[in-house]
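Shared chain: subunit A. Partners: subunit B in the first complex, subunit C in the second.
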Partner chain A sequence: MGQSIAATGLTHNPAHRRGALSSRMMRLQNGVGAWLFLLPAVVFFVGYQVYPIFRVLWISFTDYQFLTNEPAHWVWFKNYAEALSDPLMWASLWRATYFTILFLPGTIILPLLLAILVDRVTQPRLATLYRVVLLIPAVIPSTLVFVLWKWMYNFQTGPINHLLVDTFGLFDARDAPQWLGGTALTLPSIAVMEVWWGLGYHTIFFLAGLAAIPKDLPEAARIDGASEWQVFWHVTRPRLAPVMMILVVLRFGSAMAVIDEYLIFGGFNRETPTYTWTMFMYDEAFKTGLWRQGFGAAIGMIGAVAMMIVVVFLLRIFRPRD
Partner chain B sequence: MSEAVHGDTFTPAATVLRRRRRRKGWLAQNQGAIIRHAVIILFMVIILVPLAWVGIMSIKSLPDAMRGNFWPKRFDFTHYSYIFQRIDTLPRNLFNSIYVTAGTVFGTTACAVLAGYALVHLKPRGGAFVIAALLVSLYFPVRVVSLISIYEIQHFLGLINSTTGLILPYITLNLAISVLIMRSMFQLVPHELFEAAKIDGAGPWRTLFLIGLPMVRNGLVVVFIVNFVTAWGEFLLCTTLTNDQDARTMPVVLAGAQGGLGQWSWPNLAAVYVIVVTPGIIAFVFAQRLFFKGLAEGVIKG
Partner chain C sequence: MTERSEREDAMREAGRQQLREGKIDRREFLTRSMVAGLGIAGVGALGKGTMRSALAADPRPLTPTFYSWIQDLHPGIPEVNKKFPGLNYQIAPVEGFGIERFVAEGKNKESTWDVYVGQTPFVEMSALIKADVIEPWDNYIPKDVIDDIIPSIRAECTVNGKLYSWPFLLDIAGMGWHSGLTAKAGLPDKGPLTWDEYLAGAQKIVDSKAAPYGATFDPHGWRSLVPMAHSMSSAIYKDGLVDFTAEPVVEALKLMKKIMALGNPDILLEGASDGGVNGTPDEVSFGAQKVGFYTKYFNAPLRMAQYWDDPKLLHLGPLPKFTGGEGSTVFWTTGCALFKYGQNKEKAAEYIKALTYDPQIWKDSIVGTATAHPGQLPPYSSIYAAWNTNKPDWMPDFVSLVRSQLEKAKAIDNHVFGLQQFVIGKPIWETYLKGTEPDPKVALAKVNEAIAAEMKRG
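Then we have the complex of A and B:
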């Protein structure tokens, strides 16, 4: 299969030519057929993912502005130098990191705990019911989750402040917490929302990992007198490591690159905690002045490279050791 | 009861334990199970309460909505008819959402099935490279970084402000994970099955549709739901690539609506919300059995 068509074309032995030709045709037909099946996916993948990334990389080396007729000039690393010497670049990277620090532990540990509890439920009906409820937030589309929580966090009419002010009387109407809108509470509030959203989905992930552990392993450990904690730490945890690795790396990636939430909850005020590198990029490329997309592209690339460095680091930490 | 003793097979230690437990009362005996269910139910409540809140909000009378009590004094079911009669663009936005989502789900599922089948059973040259590229794209913040170029492409194709145009970038949002899921689903189908069909004279298309598709049903459900959820709720591309309220989808309209009085009063907003969020939940509850099977077979390994 792996043999190249050009190489088979070099067989000059006349006795084999006929056979070689027909088998070559077969192989060619087969190869073309296979690529015909692969083509739609590859066209979309290249057209809307691979090409755009390289195009943005190219743009980041130019002074391209969208709302002008002047041709773009190649400026080498000028955009990068400008971005890296801008304190806002570092502040916006830190904001994204801070959000990730707030979000990541909760979205791994809570589902893990919940999965261990749900895994022990053996009544089939109850187990199914729990799983269905768990996955309901996962089938609510992203924006609808954000809109729902935007209402919940509303300063005046939201149910959370209603509960705190009117029901429990912990605050009065003026000093009630301002959950969103650029306060120090904004990123923690968004992190809580994200944990809620992923809670069920991640629990299902861990449940699948737990289902793969043979039941007699923890049983044997218990009979040998291991405490529940020891069973978890020495039997369950190492076997869940691969699932945990996938979740940590993927969620790190989504948390660092959050943008929809910030567009919906925040705005383009450069002082607010939701103005992360993604917002900085969006602001420069689609909102400010003549849409300096060259500069915006450089900001995006810096953010992406910073993320990839951590991802590679994480993959090395979690690399299975023998 | 059954789970208190679950797993205690025939080991003497377990028998001793069970006897000891039997002497205590029911409550003490099931203490662990009771605490466990209590904690699980607490989490279930945390998941369901926000949804219940918005559901009840949509049938509250206006004064009740302003007061903010969870349970209203008076119900009012007219908000659902009001929003369709009085908010001009709403039917249009709803139609846009249905149209874009249908196009995206069909497009991505078709691409993923064809590619997954080809990668496993037709073994094209360079297949391994394609798989590696798809995997890498999962770890790279493609959606955000590619935005500038996608705007340029859509502008070049004359698709800015076009609802149909949104389908093209939408198809790629979950393409990588969909192809990888379908690939691991097709890996579960024995290769001999396809070989036999080939010997019987069936071409690759017939083989795929008559033999392959029924075998990967569960994976199809997962791909279907994942893409439905993404397209139905997409915000970033829609808000960037369209300007007119008429061309936009429901999530962008909802995110932009400021709750208050008049046509966007809280109960009206909540009614719109319920209309948008319910189809997905209903579809999922019906398909959940297939979904969980598919998740276990395809996603975890993929």
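Then we have the complex of A and C:
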């Protein structure tokens, strides 16, 4: 750019030089203004996102223990090697993956079906009512949701087992299903609760996606003789792919990194299905021994990298193909 | 200007407080007041040292922080607080036994609070000492109080000869039974003295269909495995940790398996709150009147019996023992920790003394109130002696029972892995209880190995 200006000989003209200078000043001023507006977000991003990530990364290469006042030592990849050679690391990663496999279809298939049904309701008041009803679980505070489902799933006094044992007589008091507390049913039970909890929220995503599809597209397909299934598969579904991508990626991340529900429904028993890598990390960093936060950070980084690999894979699957 | 005025007021108030407590004389108080009031630079310089000491000595009101359940179970605490005007009473940010905030502040050599009411020695005291967060009470607790603490409790709260926990609420493992169900099963209304009698009674409850389940326990090690082991012998510790291969522990595990056969099928499941530690299935069973016999710290049957049609049907007794066994049990206290970087330490001692000797708190705890019946007991000999001399008409029998148990009972040793040894070990010893490992000794040897491996990590 500078070279081309010099080649035209414009720099020899003082008026042009002043013009170029003032335009550069304006650009600079605009730049400074933009950065000033961006500054709060940048400070927040660096302070609350970038710095903690790098801090944890640094800690993961040290033998830092929270309960001692001794300085941390750089141990290179010792924590990573130790974590990767611990069978609990792999078992806990698999448990989180298993929960995600149970949970993710419920965030896509069921809400999609419901969204298509609700979208077809033409009576405005009824459509609004359906939307409100669907959103009710999403606005219930997490504590209440957990209390409600803990009661529902209670082995001895919960209504589900009451129905199974006392009403239908399918089980007796000794062999009734143990839904929570560390059995094989614990993760599926939590997944059902999570699907119920997020149903309205996820359905709204798809309803927004459906609203963005021009109505004449499915109409034209129907006129051309397409069946309802063909309309859905060839017209609706491809146009909902971006919504699906957002939901899958977001919910994959949250499902893999669940910890609150596991703390509440499972505890720190290392053999229970709810003892996932997030629990392992928390247990090592805030509960066990002198709180080996270097080791805990390494577990966290391994989990995060594993998740990022899958996210890249998911982004590739759901990439736009038009 | 306002800030300076507030500062001057704070200095005056601090001076008044020290004058009342006899730490400064009237002349010193007047000098400080003048300095604070005039705010003249020269006079300020003159009184700088004394001002600083006044501010440093008492710049904020006494700020205790309580574990939330303590307040829930003991509604008399606010009445004690009224005797300490200006007290900044707070609820601790320690859900699920977390002490992260305390440690983080301690690392910065500061503390938002002066005293933490909620410390269980074997759970967290060693960690708080190691992290240099708390200091001993020895310089602040009156000698008559320290001498009044029951010796076994004093030992629990002491590390290297220093008292790091001022004990408050005593819990002790024992036995409770639903006398309505045991009567229905044709059992005499007295607690079984041995585990054999206990198992036979539980079998009879099931066989007679008086209740679906005969007996239950809480599967967490410090609430079942160790108390049951203590009932044979409390000599199960090695280097501050439980030696899980010790014979009493092996026998206790075998006993747990026998009880399980007569208990609620969900007995091993994790609890519903506090990271699986509380809201356990045994409590649900006992609260729902589905089980006859129950072994846990007394607080649990007392709390659960509140949900019964007739809570008076709850009867309590000591933990049964193995034939020829020591007959000991486990106790722990929930006590008060003094933050090293807190303030108002003398005042804190004054407050904790008032709290822990308050007669209304103990009456409410023992008899129960409209909202709670914790059944937790005081840690002082003099209180029991006074009750013995002049037994109050509201006093139930289990109080003297607990007091007599304290002669034999032992607390779990203090160690950084004091609680974690049970968390790590539970899934491993449960392999025997679930039948995947047929030999209890093998299962318990693996527990020792797992704890040693975790300790090696740090």
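Here, the second predicted complex is superposed on the first by the 274 of 322 C-alpha atoms of A that agree within 3 Å, B and C clash if a C-alpha of one lies under 4 Å from a C-alpha of the other, contacts with A are read in each partner's own complex, and residues count from 1 in each chain.
Criterion: a contact is a pair of C-beta atoms (placed from the backbone, for glycine too) under 8 Å apart; a residue touches a chain by one contact, two chains touch by 3 or more.
Keep in mind the model is a prediction, meaning the values are calculated, not measured.
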Looking at subunit A, which partner touches more of its residues: subunit C or subunit B?
B
On the A-aligned overlay, A:272 touches which partner chain: subunit B = first, subunit C = second, or both, or neither?
second
Partner chain(s) touched by A:198 [first = subunit B, second = subunit C, both, neither]:
neither
With the two complexes superposed on chain A, say which partner A:253 touches: subunit B (first), subunit C (second), both, or neither.
first
Is A:123 touching anything from subunit B or subunit C once the two structures are fitted on A? First, second, both or neither.
first
Once the shared chain is lined up, is A:154 touching subunit B (first), subunit C (second), both, or neither of them?
both
Pick one for A:286: touches subunit B only (first), subunit C only (second), both, or neither.
both
Under the stated touch criterion, which partner chain does A:45 make contact with: subunit B (first), subunit C (second), both, or neither?
first
Which superposed partner A:35 touches (first subunit B, second subunit C, both, neither):
first
In the overlaid three-chain picture, which partner chain does A:264 touch, first (subunit B) or second (subunit C), both, or neither?
both
Which subunit A residues contact subunit B in one complex and subunit C in the other?
66, 150, 154, 157, 263-264, 286
Write out the stretch or stretches of subunit A touching subunit C in their complex.
63, 65-69, 82, 150, 154-157, 173-176, 178, 180-183, 263-272, 286-292, 295
Touching residues of subunit C toward subunit A in the complex: what are they?
96, 98, 100, 103, 107, 127, 130-132, 212, 264-266, 268-273, 275-277, 281, 284-285, 288, 290, 416-417, 420, 423-424, 426-427, 430, 454-455, 457-458
Residue numbers on subunit B that touch subunit A, as the complex places them
2-3, 6-9, 11, 13-14, 36-37, 39-40, 43-44, 46-48, 50-51, 53-54, 66, 68-70, 107, 110-112, 114-115, 117-119, 122-125, 127, 130, 133-134, 137-153, 168-169, 171-172, 175-176, 179, 204, 208, 225, 229-230, 232-236, 239-240, 251-252, 254-255, 259, 266, 269, 273, 276-277, 280-281, 283-285, 288, 291-292, 295-296, 299-300
Note: in the complex, subunit A contacts subunit B through residues 1-2, 4, 30-31, 33-35, 37-38, 40-42, 44-45, 47-53, 55-56, 59, 66, 114, 117-118, 120-123, 128, 130-152, 154, 157, 159, 162, 166, 196, 199-200, 204-205, 208-209, 211-212, 215-216, 219, 223, 243, 249-250, 253, 256-257, 259-260, 263-264, 278, 281-282, 285-286, 293, 296-297, 300-301, 303-304, 307-308, 311
